[in-house]
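Letters are used for the chains, namely A, B, C and D, taken in the order the chains are written, and counting of residues starts over at 1 for each.
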Amino acid sequence: MSSVLAIKPLSNTPASTRRVRHVDKSTFLVLPACIVIAAALLIPLANVLLLSLNRSQPGVIELSSNFTLANYTRFLWSPFYMRVLGKTVYIAAMTTTLCTVFGAILAMAIWRAPQHLRGVIVIVVISPLLVSIVTRTFGWMIVLGDNGLINSTLMSLGVINEPLRLMFTDGAVIVGLLHVFLPLMVLPILTALDRIDPNVPQAANTLGASRFTTATEVVLPLAAPGLVSGITIVFSLSMSSYITPALMGGPDSGMITTLIYQQFVVTFNWQFGATLVAILLAVSLVLVAVILFEFARRTRKWMVRQ
Amino acid sequence: MGNEQFSSTMNRRSFLGAAGAAGLTIGFGAPAQAQSKEFVSTVFGGVYEREYRKHIIDPFEKETGIKVLTKTGLSSEWLTNSIVNRRSPEIDLLLLPYPDSIKATMEGLGMPLTVADIPNISQIAPEWYDQYDKAGIGLDYVGYGIAYREDLVPTPPKSWQDLWNPAYKGKVTVPEIGQWGSWELLVVAARLNGGSEDNMEPAFAALKRLKPNIKQFFKSGVDIANLLGSGEAWVCGMTTNIPAYGLIDAGKPVKFIYPSEGAMAGAVSYHIAKNSKNADACKKFINFALGKDVQENFCNGVVAAPTNINAVVNERTRQRVPSREHLQLFSWAKIIPQMSELADRWNQEVAF
Amino acid sequence: MAQVALKNIVARYGSFLAVDHVSLTIESGQFVTLLGPSGCGKSSTLRIVAGLLQPDEGAVEFDGRNVTAVSAAKRNIGMVFQSLALFPHMTVTDNVAFGLRMKKMPQADIENQVRRMLQIVRLDHLADRYPAQMSGGQQQRVALARALAVTPSILILDEPFGALDRKLREAMQVELHALTRQLGITALFVTHDQEEALMLSDSIAVMNKGRVEQFGTPAEIYRAPRTEFVADFMGMTNFLPGEVVDSDSSSAKVRVGSAVFSTSVKDTIAPGEAVKLAIRPEKVMIGHLSAADMCFLEGHIRQITYHGNASRYVVDLPDGGSIIALQQQSPEASLAVGSNVRAHWSPEDIHLFRA
Amino acid sequence: MTDIVQGYSFRIVVWALYIFLLAPLVCVVIVSFNYEPVQSFPPSAWSLRWYGEALRNSNFVNGAFVSAWVALGATLIATPIGVMAALGLWSSSSRFKPALEALFIAPIIVPGLVTGISLLVALSAVEMRAAPVKLLIGHVLIVLPYVIRTTLASLAQINPSLKEAAETLGASYRQTLFEIILPLVRPGIVAGMIFGFILSFDDVNVSLFLVDARTTTLPISVMSYLQYSFDPSVAAISSLMIAMTFVITLVLERMFGLKRLFAGH
């Protein structure tokens, strides 16, 4: 209902947000980052992605001038590749959703914790990032494996007779990704929470809101910039994650990156590998843009004005 | 007037020259010299690197004064790097495993190696020279077999065929496509079912039948150690002796066998980059590494079989590596061109 | 302190005209208020004076010097924002000292000036507090001290008391009034509250739809509103439609319904013209009778509300309109809801506007 | 009543999350003290053997230094660039803003392996062969998105009139930036730097194609080591990393107070 209002042209924004000066400064400010990304990522990447327009030729990495869309049609007409793409998006979406929920809870717990405990809790939260992925996976195997802590506990309690299959499943991939990406969600939300006027949640309480309602309907919307920051980072990383799905996933938990890896370093089919990268990039960018746009649409009216 | 023009051009040219020289110095790390004092070689990590250093690099450096800079990482990266930097190689000497060694051969990355340059080649079993089109030379080989948990399996496996034993339901681990052993597994599966390198079709039907038995496709040696060590998997369907004996030596109830049909071979070989500026040093080094004594010491250290027919390894090593006669070799040159398709079919029919 | 002049200022947002040819002069030491409803352009005008917004046309002059192109940072102004905009990471002292540091004043002078300012706003005991640790009124005074510390050419206040409770607000108004007069500050104040404007200002500019409808002293604005809008905004809530039946240069006869009233006018209004009569509610009296020289309309009381010091009557007129009266006395028993009464007022309390 | 129930369930979930985060890591730390030469759990005998082994491994030690320098260098280069970009995005009302935002996330959308290969090809083409430079370029890409995103999140919550207030008090754009805006967004910048540093330190995929014989990072050394050895020295390295982070954090806490790092005021 409010969408028509929300996408009003910028010229209609209220007087106090209209800036006349510094517009040229903003161009100057984003320039170095644009140059870095263009020079270090876009140009080198374009160089490789152009190969996707060549016929598949394992072992050949030079661009030829015979362009074709064969690789793209091969992808798009294959139910198999589309299923892998679907699975990739599904796992990334699940990871991001769980990460958002639990990240918000953790961030609020840290926010409300006494100052002197904060440092310790923050280290607890970022510690998964400090352990090499291979050892981390081994840790998960100890916890989730057939003879792992969870299964042996449940079996000794008589809850189950056969070990549950926890490791090497899609669920394990999501758990593994959640584990390392949680810090990337918690810290941005936390920094956003720290800017909230403590009176605001109290005001909600006085209006009869429960703690849960206060948290979800008052506090979190105010931390929206942190949330969107975390969501875009976690979603992007999940889409492009390779090692965790490879090590923790089951026989059929492969994601697009698994195939990309194969094409680039195993079969040396860079043409098709580049096609997969182009498709992954396009899908991820569109989905991230949707997230950013949706966020902007929902908060445009109150965000900048605090 | 004319002179001024000339001198300014000169100045600019000499400035550019100096800048170029500075760039080269940064680029190559050290200025190239007629008598190479060092070269870059690849090496696997862990125990392999330790033994390699101890028995080959250190004695070689001591003897010749040539420094060997080692690059670790993944063999597929070394190969990619060499293809990309073909004109001006970053890696002088490639030590490569299957199938990257054959890919390098087919890509023509390596320069021809001759007995004249490397006299010790004459002592090397011909298969480790010929399959690289004489542009590469084998250093050592290990065997692929089956590792299993003695304490957990109902009946111990004896042949490749036993991987399909229904008693191992959900307890077998085999390599992920692209991992060491995966192509060998495909060839074994094809051969067991009337196929060959030229007819890989039967492999897929066989692997589809294997699927119920598969717990997990392993992605690395650590995976094997973790899966077998923890008992998550009982049987590892295609592994070299290295991770298997790693577990056995650690006291795990693991056994390793070479199946009755024969062991698949895992060989590593040297390839000198065609445009290497340090080819002389590399040749000296290869000759040193292929010498009988060096081979014996090194192979006893990493527990591998020597390629030098005169080298005799100790008892422990002999028990753990397959004999030359018991090896099942196959034509990698026929498999490599099919790899992209094979991987695609594997993904669609076996893995996903 | 400086004289500040706006010359024919225009500001647009796309096709929307926010400020429509505004010209205004604020004499040195004067306290001028821009008064108007929200969206009338008063905030844009104020931001143009501050240099936070570039006008599309026109010029801003400080002491006759054109400063239109000068940035806010170089105009030497002091501004109190609606949200106060205190720097949350700085103590009171650091907040007040900020502008002086920007001016590269020697450290010792900064300390003196900050101390003096905090004494003026009576906050010297809270110098090391952070804004978050202070009450709303205290924060307000910090904002004021910060703006005044730089001895600005002009003090600009953007509805600074909006967030305060009534009592605090009144206290702050008194304080601000005393302070500006004591220091002889040129000030530009923005509010939508007419009482606040009347109390604080030397002059008031009433704005509507981007234009200044009237500029004058509080007394002028209050007593002699020049337009219907100003009259309405200054609390003349009774508007009766009428028609001029006879007029000369100083007086006019106006018919309202069946009644005809005489009133004095400043310029001639031709007979037959439609007009509106405006009368302040406090000038309207309610009774059963009225004196002979008074104007009156008859109707019946619809509503009576008690306001402590006054009673408010709504009298419905037979033609469908109504009239509001504010009486100082308590309601009389005879003046109950439903009773027929006369609403009457003196002819000089009538303000006439062309409809 | 509901508040009490909600309070308890909140606390239970939070504790469950702490356990979730720590459980696998505690297992790793326990494994690192195992005497056995393969990773196994629970340990049969305790020992510090693998710590000694890990610290004697020159590849690990040198790799740790290289990783630390590369991560630090990349963070120091990327932070000003990223903060500038975030400031630019913040003050911009351009139509291209969403596109730019997406562009700035692109480095983490592209799989690291592909970034690495692309850089290898491109840098070889321009004859850039110094591994430290190549690694720095790759790792600046790793760090940049985190700094931009977290700074942007902090900026979004600054009251715009603070900027104007500083301006009316005579502050130049630079002074407003350094005295008002940057101190207020410091928590966001610090969070971004921490992520950037850690993820750069931990990176395998981008670095794999950029290291050379002289300059190899710790994660690459660890990965290579695991090709032929399966002992707990890698678990020991990981445990050392956790311990070191604890120590560094404690020192930071003593010196500056983490409060100041993670909170605006």
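Descriptive notes on the structure:
Throughout what follows, a contact is a pair of C-beta atoms (placed from the backbone, for glycine too) under 8 Å apart; a residue touches a chain by one contact, two chains touch by 3 or more.
Predicted model only: the values in this text are computed from it and were never measured.
The minimum number of touch steps separating subunit B from subunit C is 2. Annotation of subunit A and subunit C: jointly contacted by D, touch as defined at the top. The two chains most heavily joined by C-beta contacts are A-D. With each centre defined as the average position of its C-alpha atoms, the distance from subunit A to subunit D rounds to 15 Å.
Centre-to-centre separation between subunit C and subunit D, using Cα means, comes to 56 Å.
Subunit A and subunit B have CA centres that are 36 Å apart.
Chain geometry summary: the mean Cα position of subunit B and that of subunit D are 33 Å apart.
Shown for subunit C are the residues that touch two or more other chains, namely 71, 83.
Shared interface positions of subunit D, i.e. residues touching 2 or more other chains, are given as 39, 41, 117, 121, 159, 161, 223, 226, 264. Under the contact definition stated at the top, the residues of subunit B that touch 2 or more other chains are 74, 77, 80, 84, 220, 222, 226, 230. If you check the complex, the residues on subunit B that touch subunit D are 23, 26-29, 40-41, 44-49, 69-74, 77, 80-81, 84-85, 88, 90-91, 220-222, 225-226, 229-230, 242-243, 246-247, 249-252, 302. Subunit D contributes residues 2-3, 6-7, 10, 13-14, 17-18, 20-28, 31, 39, 41, 78, 81-82, 84-85, 87-94, 98, 100-115, 117-119, 121-123, 137-138, 140-141, 144-146, 148-150, 152-154, 156-157, 159-161, 173, 187-188, 191, 194-195, 198-199, 202, 204-205, 219, 222-223, 226, 234-235, 237-238, 241-242, 245-246, 249-250, 253, 258-259, 262-264 to its touches with subunit A in the complex. Note for the complex: subunit A touches subunit D at residues 10, 16-17, 19, 22-23, 25-34, 36-37, 40-45, 47-48, 61, 102, 105-106, 109, 115, 118-119, 121-136, 138-140, 142-143, 149, 179, 182-184, 187-188, 190-192, 194-195, 210-212, 224-226, 228-229, 232-233, 236-237, 239-240, 242-243, 257, 260-261, 264-265, 273, 277, 280-281, 284-285, 288-289, 292-293, 296, 303-306. Taken in their complex, subunit B has these residues touching subunit A: 74, 76-77, 80, 83-84, 103, 106-107, 176-178, 211, 214-217, 219-220, 222-223, 226, 230-232, 337, 339-340, 343, 347-348, 350-352. Subunit D meets subunit B in the complex at residues 36-41, 59, 117, 120-121, 124, 127-130, 133, 208-209, 211-214, 216, 220-221, 223-230.
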